[in-house]
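Naming follows writing order (A, B and C), and every chain is counted from residue 1.
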Amino acid sequence: MKEISELNLPEDLRYTKDHEWAKVTGDTVKIGISDYAQDQLGDIVFVELPAVGDNFDQGGEFGTLESVKAVSELYCPMDGEVVAVNEALEDSPELLNEDPYGGWIAELKPADSSQLEQLLDRDAYLELLKGE
Amino acid sequence: MKNGPGRSGLIMDEPLLWEKGKKGRNGMSIPESDVPAAKIADEICGAGPDFPDLSEVEVVRHYTRLSQWNFGVDTGMYPLGSCTMKYNPKINEKQAAAEEISGAHPLLDDEYCQGTLRIIYELQNFLAEITGLDAVSVQPAAGAHGELAGMLIFDAYHRSKGQKRTKILMPDTAHGTNPASAALCGYKPVPIQSGPKGILDVEQIRELMDEETAGIMITNPNTLGLFEENIGEIAEIVHEKGGLVYGDGANMNAVMGIVDLKKCGVDVLHLNLHKTFSTPHGGGGPGAGPVCVVGKLKKYLPSPRVEFDGANYRQEESPDSIGRMHGFHGNYGVLVRALSYILSMGAENLKKVSQYAVLNASYIKVKLKDYLHLAYDRPCMHEAVFSDKNQHKDNVNTLDIAKRLMDCGYHPPTIYFPLVVPGAIMIEPTETESLEEIDAFIDVVKNIVNEAKSDPELLRSSPNRFKVKRLDETQAARNPCLCG
Amino acid sequence: MRYLPHTDEDIRNMFDAIGVKGFDELFTTVPDSCRYDKEMILPVAKTEWDLNTYMAEIRSMMRVTPAHSVLIGAGRYHHHIPSTIPSIMGRSEFLTAYTPYQPEMAQGTLQGLFEYQTLTARLLGVDVANASMYDGASALAEGLLMGLRVAKKKTRVAMSSAIHPHYREVVRTYFKPTAFEIIELPFLENGRTDLSGLADLEDVAAVAIQSPNFFGVVEELEMAAEAIHQIGALFVTGFTEPLAFGLLKNPGSAGADIVCGEGQSFGMPKSFGGPGLGMFGSKQKYVRNLPGRLVGETTDLEGNRGYVLTLATREQHIRREKATSNICSNQGICTLTAAMYMASLGGTGLRKLARLNYDKSEYLKEGLQDAGAIILFSSPTFNEFVVEFRDDFTPVQKRLIEQNIVAGLHLGKYYPGFENRYLFCVTETASKSVLDRVISEVQK
């Protein structure tokens, strides 16, 4: 397991207390899991992706990640509709371990962009991790 | 023998079945036909499966070699917590294999199979006596199947009161089968955290139990190896709100002749005959999970059950029964073995079983607690739960300790369960291990704890004495290859 | 007692080490109100001699004995078990091990299960098979629940009334507390399932058909698959006699999505109904919805081939209430036994044995017909078939039992209007002379 100081936590992302990240790209928001989350989970062996067109509320369960001996739910960082999913993860779930920020999971068209402001910035997220 | 009984010997390699053999060989005697060949319609015929053809010698060597890569209770101590890996008496096998019994067809009319019915009847009665409960069905095929029967009985009982309850209280130390069985009956598990002493806290139950909750599932002794001391009071609270108490009897080996489940307030209980009653675990089964109930729930038990009218044994179906759980009478051969065990032991020895099982576990607890971190330093029942907390500083974890134990000639304890103890090491020696065996095991564990400091790499690279080294479970799950 | 190694001295030494004076002090956490306050009333402990006598007395109460030829199947089949099977399956390294949680010291069980999965998948024509369910009946219930899981939002399943009546009862037991609805499909005059009503059914997640069905009748699986897929449902096929697939088309190739049935025929005695095993498989795309344990191939640190339990995240010990099933212990050694039997028979042997069952069964069928009995269903059958007698058959059946032949299972209690109808089963173990005797008694 990595020490907190070893974690890669980019400045330009927003984070959630459930260890997801969100990044605005034009009209849409890409979401994934943080370096901390992938490190805690260990080798990810399967990703259950949402379907394009599905709608989720903030905090709603939109998929699952599996390691060899654990299952974790993915919680949606904000309300919105899924406009794309990272299909590469179906065959190569290890992308989330290798590069958690390149390995996005889903792309969302947010219903309310202001919800992004409620998410944690890097410093706030780091504080949260120190408490865990 | 500081390093235990483990030694290296010749390991024979053996390919997969279909990597050997030749078309046209056969490994089984098939008689020539004594009747004329009949016509068969082409459209229903298939090509038959692509199976390898092997000779009898090839089959026998194949499985003999495979068996030599395995470790069983007959090989050595197998202290797998919560699984009660006690000695499996050979005489039980003989009774189950007797041709009159093993050859009996399950759909014979009662008058033709009084013997096989009597075995069920006697076992029903003996299990009722041992648990203190009133009526038993031996139909469920394993512990989880017994749990499902129990949850179906909960559902039937509440329906009879015109209620459909939706929740069930579930301690965090429960086996995963408990919530999964409850969910099959539509119950949403409400998690209960164990209190600071590792047992259930009465106030929490009082707060959570309501009239939408069907009841509670309690494993007692629990999976921390501790007796749920407050079970009586908890049962009272649950009963007051119209709920029922389910007892998971997986750990019955600790309390035979010592605890009366009915007096504890348990309404429904399953037993694991392959644990407490010495039937072999068979590399994962078959088990048997008889379900035992108090009188008022008897009518809901799975059907058919066997009754005796003074002259004859009869199969009886109750109109209120939850129905059939199994095609026939459950894993009948396992029932015969359990009966053979109970008859061999008698009441006095069954009580000794529990006393010695607790004695052995308590002894290990005391002897190892200065070496491994003890999760709860309280009187334990049939198992003691340690963890790898003391070894973290050496960068050695529970898995490493388990793998090193294997090289030393022991099956590891249950690891990483219960989930409430991170890095759990759950040791259940059972009563059939002698003091010398247990002392040798304790010495080996102490030695491994020392090795964790002096040579941690030895642990991390274990095991080294088997056909394979540590296996890549990530690869197996990422790219599943389930069929050759 | 010979299973309890403790001497009085050992016990004293252990008490001293623990710091207690007696057993009572080990149980101080058990409150008085929970105590078993009397002695358990059980028979006095028996020596091995006494036990043998006692069990022999119980065995002597059996009026149908090994000397009888049993011409009843209906889910439990009398097949020859080669002597090699009890010998190799009885090896205590297999028998006294548990679930292979530590793969390095359980490669025997694991490779054996992987081979079982593979042979079973080939037999049934499916992509994957699991490492067993409890029996054919519970496997069918799990198969239908799996169909509902795959279909997600649907609420109904359908099953043929030509499925084994006990299997249907088990399905109803499993479904009782759920909101799902079970529709039973009738059967036709030829003994096959009537699928004509399917097209009008909506909201159906899965449809189950058994083949050969309870009447021994071989169903038209390809047509059924088409009709079932047409309404967007999954096709679940059950079976009670896997030997049939040595001769008949397998369910997978006929279009089944989920295949589940009983494997007792493969090397296990009837044993009053258990243990046998539930064989269970499906198409690859449903693998994450499968119940039960799966063994997968992998490599060790040095690249050597090895086997582990895998895809465990489907199971109860990880996913708890969201698991694909509550099953934990399965049929373990029975699974290995089935593999040993399949390995012993081989492809050539399986076909030969299946053919022998078919021929012998046809011989009795024709003989009974010539003797004046009616073969109820015209469709092809495998090793079982339904006979209707014009007169009361009970006296004939009684006479035959006295001649050590159990002839047929009365179907009156399973289906209304079947009072004079009997289900016969003929396997390779029934000699021509036994079959001739049945025919001649019927002729009398």
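Note that in this section a contact is a pair of C-beta atoms (placed from the backbone, for glycine too) under 8 Å apart; a residue touches a chain by one contact, two chains touch by 3 or more.
Everything numeric here is computed off the predicted structure, so don't read it as measured data.
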Result of counting contacting C-beta pairs for A-C and B-C, higher pair: B-C
Core chain by centroid distance, with centroids computed from Cα atoms only: B
Approximate Å spacing (C-alpha centroids) for the pair chain A, chain B: 39
Chain centre separation (chain B, chain C; CA means) in Å: 20
Separation of chain A from chain C, taking each centre as the mean of its C-alpha atoms, in whole Å: 45
Sites on chain B at which at least two other chains make contact: 473, 477
Contacts with two or more other chains, residues of chain A listed in rising order: 46, 66, 68-69
Residues of chain C engaged with two or more neighbouring chains: 312-313, 318-319, 322
Residues of chain A touching chain C in the complex: 46, 66-71
Touch list for chain C against partner chain A, complex: 288, 312-313, 318-319, 322
Residues of chain A defined as touching chain B within the complex: 43, 45-46, 66, 68-69, 93-94
Residue ranges of chain B in contact with chain A within the complex: 416, 473-474, 477-478
